[in-house]
Each structure stands twice: as C-alpha cells, then as structure tokens.
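Following are the structures in question.
Note that chain A is present in both complexes that follow, paired respectively with chain B and with chain C.
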Partner chain A sequence: MNVRSKKLLIISVTCLIIVGLSYSIALGQELKDNYTNNVFLIELIPEECKVLDMSEGVSASVEFIRDEFGNIVDKTFIHLLAENIYAGASVTYAIALRNISSLALSVDHYTISIDGGSNSLEDLIRFSGSVKIYRSESEYDVLGSFSNIRIDELAQNLTNIMKYRKIDITEKIVIELEQFFENSSVRFKQDEGFSYKLVPVFIQYFP
Partner chain B sequence: MMTKRYFKKRKIRGKRKIGGLLRVGTISIILIAAFSLLGLTYASWSQSFSIFGSTSTGEINVVVRNVLFESSDSYNALSFDVDMMGNIVDQVNMDVETNTSPFNMILVFIVENTGTIPIVCDGIDTNVPGSLQVQLVDTPASIDVGQIASIRVGISKGYCEGFEFSTFLRFVQATG
Partner chain C sequence: MKRAKFIMLAVIAALVLMGAGYAAWTQVFTINSTVSTGELFVQVKNTGNTYEVLDSDDNVTESGVLNTTNDYLNLAVNTTAIDEGTSRETLTQITYNLAKMYPGTRVISEITFENFGTLKAVTSYNNLVINPSSGNALWTDLEIKVNGSPIANGSNSSEKLENLALAISTAVGNLEPGTLKTVTIIQELPITSGNSTEDLSLTWTLPLTFSQYNLE
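Now for the complex of A and B:
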C-alpha cells in the first residue's frame, strides 16, 4: 500500500468515526429528551385543586394550561389567581398531587422566585398552611404545618416539611396554602400586583 | 517428577495472576458504569413542578355625581350652580353677597364608588390651605362598590372676590 492510499484510508476512517460519534450523541440526546419530556413522576389532580376559602369581594381561582377544547395539557403547572385583594384579605387554596410513577419519590427542595412590581405587597403577604399525605382516600398523615411566614421563607418551610419523606406509588399529597395580607391599609396602594413561582423538585426516593 | 510439579505450579500461578487482573479490571469497569448509570438515572428521574401565584390589588375609584348646597350663615344674595361633564361634576360656581365674615356653609358631595373595593372618605384637602377652612362634617363608615353616598363638607372663608379653589376628597379602603 503506498503513502497516498494510506492517507486516504486514514481520512476515510476518521470521517466515519466522526459521523458515528455525532449520530450517537444526537441519538442519546433525543432519548434523554424523550424521557424527561414525556415521563412524569407526579402530576396534579385538577378536580381536587381548588379555592377552599376567600374573603368577601376577592376574586380567586385555580387555573391550568388548557388547549382550545378546554382539556388540561400540562398537569405540572397550576396558577393560583387572586384579584381584587385588599388589606386584611385572605385566600386559601388546596393543591393536590399524585405520584403516578412506578418509583417512590421524595422532595429534593423547593425554590421560589418573586416577580414583584412593588415591594409593599411582597412585604405584606403572609402564608399559613399544612401538607398532608394520603395513603388512601380517607387515611392521611399531616407532615407538617406553618403559620404566618413571609414569602421568602415559604420555600424553605415546605422543603423542611417534605424533604426525606417517602411518597409511595399512588400516594397523594395535599398542600393547603392560605395567603393573607396584613391589615395595614396605610401601606396598601392601588393598582399593585405581584407574582411568584414556587417550584418543588421531586426526585426518586433514596433511603 | 520435580520438574513436572514445578511446571504445574507455574501454570496455576500464571492463570491466577491473569484471572485476578481480569477480575479487578472487570469489577472496576462495572463499578464505573454503574455509578455513571446511577448518576444518569438520578438526573433523569427528577421532575420539577410549577405553582404560579399572582395577586393584584383592588381598585379605588370614586366619581362625584352632584354637589348640593345644604346650609350656610346668613347672606344677602346667593347663587349656586354645578357644571357637569357628562354625569360627573366638573365645577361648582357660587356667588355670595354677605356681611358675615368668615362665611360658613355646608355642601353635600354625592359620590359613587365605581372601584372594586369598599372605601371610606378619610379627609379633605384644598389647594389653598391657608386662606380657606375645609372639614369633613359627616361621612359614611363605608361606601360599598357601586353605592352612592353623601359626604357633608364644611367650608369657611373670609371676605374675598373672584376666589377660586379646589378640594380633594381622600378615599382609602374601608376596613373592619
């Protein structure tokens, strides 16, 4: 075999290796995306997510992402809506989740991000609530509760309550969350609003 | 005989060495692969969840539907009329001829709560605080959404000519 043929062979082999590698990377990425996009460990129970209580005059609801036919398309997103709130007003929501995977799960952590046009509302909002875990429809344990905490303490409180607790297959979690506003109309201005995003991260349970 | 045994021993020792090396290598590879898989599955089998909360406050909005002249000190002549812009009061014109100074009168502001929360009037201001006295005489404890209410305001002014002023009723959320 002469030098020219050897060079040609080396280049061809290198090209083939690169093509093979890129194919493998693309396939692997696709496989991972499929797993992470289409497989859910836990999802909302829409019919059990509701407003339990609200002050007079307040307009509150829970909303989901729906398609044009009204079907819920994403059971991992819930919008807790509260409008027309005022000093002293409160809203209580129930958020129900079920472990639909074939794995025992636990909460790794909660994160919260606050998007507030005004700091005054953020300072005035307080949370109380409890976390229950249902082993069956009537049998449940109260994992923990919290009372009168600020919004920046909410994620840590929920993490402390739920971390390391095993959520077995088909078990249901119900988070009752009351948000209320301090009764100090002096600091309340009109046309204010703010939003927050609370994100629990569920992982496979490791004893 | 001795030579035979020696070769046998050597053979066995050699086999053991290669076998041992293979076992260690295999176990290492399996362990590395297993830990990689463990990490991968840990990363893959996690799911975040979004609870999005949004909150907005109620709106305070009040319009003055009418202004009525209720009572005053004695006067020689008095004219009182209200300029409207649509069905909202734009301006009140009053011409008084009197010997009384300061001259006191009570006006009634008819207001409507067009906002979204119950309100209460907690004061009145004027643009000329030094030369004019204004005070709330009577106001309801709460004006509900859509409700029309009367707010009685006392105004006191000394001698003047061509005097123009504005008053501002202050409203806040009704609590309790």
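Now for the complex of A and C:
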C-alpha cells in the first residue's frame, strides 16, 4: 500500500468516524428533546380506535389501560376484545395512531405472538384489512390491503405494507382489521378462547 | 501496523456508535387481542303429559296426568336425554309410543325449549322415524295439533310426520339467548274413528338439532 492510498484510507475512515459520531450525537440530542417534550414516538388516538362492525350476537370492544379515574395511562397499548365468537362470525376494528414525535418514522417490522392454549381457534381465524395514512384529516393514501390471511401471515403482511413507508410528523395511520372465523361449525369448540399480541416496531425513517 | 490497528479500532468504534444511535430510536407498540367463543345450548324438557277422554259432543269426560304404566290408556312419551341429573340435562329426541288408544282419547304434551347459550339458535330435525312406516290407520286417523294448529295428513305416513316435525321446528323458530318457548302437541284419535284403528299401535320419533342461526 503506497502512501497516497494510506492517506486516502485514513481520510475516509476519519470521515466515517465523524459521520458516526455526529449521527449518534444528533440522535442523542433528539432523544433528549423528545423525552423532554413527549415520551413516545407514536401513540394511539383513543377516540378513533373503535369497533367498526361485528356479527350479530358478538360482543366486541376496544380497551385501554386506564388509571383509577378512567384516564388512559398508556397510549401504546390497545386491547381488542371479541367475545361470543362462533363459526362465521366477524369483527372489524379501527386502530388509529399518530406520529407525535419530532421525526419522520417508519415501521421496521411487526411481530406476533399467540397464546392459544390447546384449542384450534387460531387455525380458524382469518384476517382482512387495510392500512391508510392520513396526510390531513381528509386526505389519505391507502398503503395496502390484505385479504383472508392466516394469523401466522398477519405480521408479515403488515410489515410488507408499512415497511419503508414514511410517516411524517403529525401524520395518522389507520389500520382497519377484520378478524373473521371460518364457517366450520364442526371444528369450532364452545367456551374456548385465545389471544394474540401484535407488536409493530417503529423506527426513525431513513430515506 | 500500528496505524492499521488504529484504523480498524476507529471503524469498529464508528459502527458501534451508529448501532447505538439506531437502537435508541425504536418504539414498540402493542395490539393485544382476545377472542373467545360463545356457547350453543338449548335445553329441551318434556314438562307435562296429560290425557283427556272426550264424548261424542267433544266434551271432556275424564282427564288427568298421563301415567305410562296405566293399562287403561297406554300412551307413553319416551325421551332421550343427555347429562341427566345435571343443570345441562336436555332432551335430544322425543318418542311417542301410542298404544291402546281408542276413539275419543287425546294426549297433550308440553315441550319447552330454553336457550341457555350465548347464541341465537335455530331448530331443525333429521332422521324422522315412524313405525310401522306405512299403512297404519291409527297414524292416518290421528289428529295432531301443534300449538293449536292442525297438521295436514299428507299423502303418506312420512309426509305427515314431516309436516309434524316442520310444525314443531317452526313453532320453536329462532331462539334468542335467554328465551323460552313452549310447544304444545295434542294427539287425538277422534271419536269418529272406525274399526280400522282397533288394536293398533305406532311409534314416532323426532330427533332435534339446534344450530347457530347463521348456519341455517
């Protein structure tokens, strides 16, 4: 390696170090500001999270973690409830989120975990839905939709729709999620249940 | 060599710092969903069987609770129940053994259907059984009413039984959770019935099926 090449390498590495340091310093500063102003990057809009539709006889609701006075204490957690489900029944939820940080965000990935016990309900549940991003209260783009997918495909479908898509400051994401059950009364068991946890991971948007 | 090591360390340090910066900017969000199924349970009970004896003017001359061991009027209602002795006891089918009837006798049965489940249920039937399957004058002459409405004889034994089953399932109809319906079945051999019905007996069986309303 000649002297010129070595110099070039040293300069490149130095630049890389400077970029890395400035990036992390900037992020650290933003993090500090962000924690001063608002703790989370994105949070639920409780008044817009609701049950859009449900089959006759089904009892469905959305719930939040609240304190003793009824105030929502965690706007990063939503519980979708569906009781009295039967073969052929369905429930559609709207989950609305807003970017409350001072950065553009995107979704890195979704994960899903299922607590099904020993029943076969998770094999009978199917999902359809769409993801919209609201640029303003009336303007929105449909980022994507999915139809009749199994629970083990849900996280990947949502990831595919939302990954790399920029969620600007104050923009709103609305996920419409219909969960329905196969019309197979033979495979349906009474008095059973299961739960699943769907976790989107939001990150700072990188162009 | 020292310079190369320095460069290597610098690169590693830069990459570590970038990674730390990236990791600081993730936020997880939890959507938790709980799903539980409902229950379909319709309790069917035979709450009473009485008999009446009529004269030629259709006046009741004798009546009482049906005693299936009574030779005088041997009308029996046999039912098949599951979970006997528990709160989940219910009939799954109703079988009537009609024997030793004579003109002017009738048996009145009350069957209740109560939906203890969480779903709206609909009533249906299958595998109807009548014995003998054809040519029984007793079955032909028997006048049957479900909640006061007479059952048409039809062209054969099976058709009459089908009409009866349909009338019962229609009378029960859709059962909303928590509702109770009572169906009264009256079987009467009219006073006008002739000798052709003498010394005859028959059995009919109605198996009941309850389904969730959207699978009608």
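Everything that follows uses one rule, which is that the second predicted complex is superposed on the first by the 167 of 207 C-alpha atoms of A that agree within 3 Å, B and C clash if a C-alpha of one lies under 4 Å from a C-alpha of the other, contacts with A are read in each partner's own complex, and residues count from 1 in each chain.
Basically, a contact is a pair of C-beta atoms (placed from the backbone, for glycine too) under 8 Å apart; a residue touches a chain by one contact, two chains touch by 3 or more.
Source: prediction; values computed, not measured.
When the two complexes are overlaid on their common chain A, residue A:Ala104 makes contact with neither chain B nor chain C.
Once the two complexes are overlaid on the shared chain, A:Val13 sits against chain C while remaining clear of chain B. Judged by the touch definition given at the top, the superposed model places A:Gly57 against both chain B and chain C. In the superposition on chain A, contact of A:Ile45 is made with neither chain B nor chain C.
In the superposition on chain A, contact is made by A:Glu192 with both chain B and chain C. Shared-chain residue A:Glu83: touches chain B and chain C both. A simple residue count on chain A separates chain B from chain C, and the partner touching more is C. Judged by the touch definition given at the top, the superposed model places A:Leu21 against chain C, while chain B stays out of reach.
When the two complexes are laid over each other on chain A, chain A has residues 40-42, 57, 76-88, 95, 97, 103, 108, 121, 125, 179, 183, 185, 188-204 in contact with both chain B and chain C. Looking at the complex, you find that chain B touches chain A at residues 41-42, 44-60, 115-118, 145, 172-173, 175.
Chain A contributes residues 32, 35-36, 40-42, 57, 76-88, 95, 97, 101, 103, 108, 121, 125, 179, 183, 185, 188-204 to its touches with chain B in the complex. Touching chain A in their complex are the following residues of chain C: 3, 7, 10-11, 13-15, 17-18, 20-22, 24-41, 118-120, 177, 211-215.
Residues 6, 9-10, 13-14, 16-17, 19-21, 23-24, 27-28, 31, 40-42, 55-58, 76-89, 95, 97, 103, 108, 121, 125, 179, 183, 185, 188-204 of chain A touch chain C in their complex.
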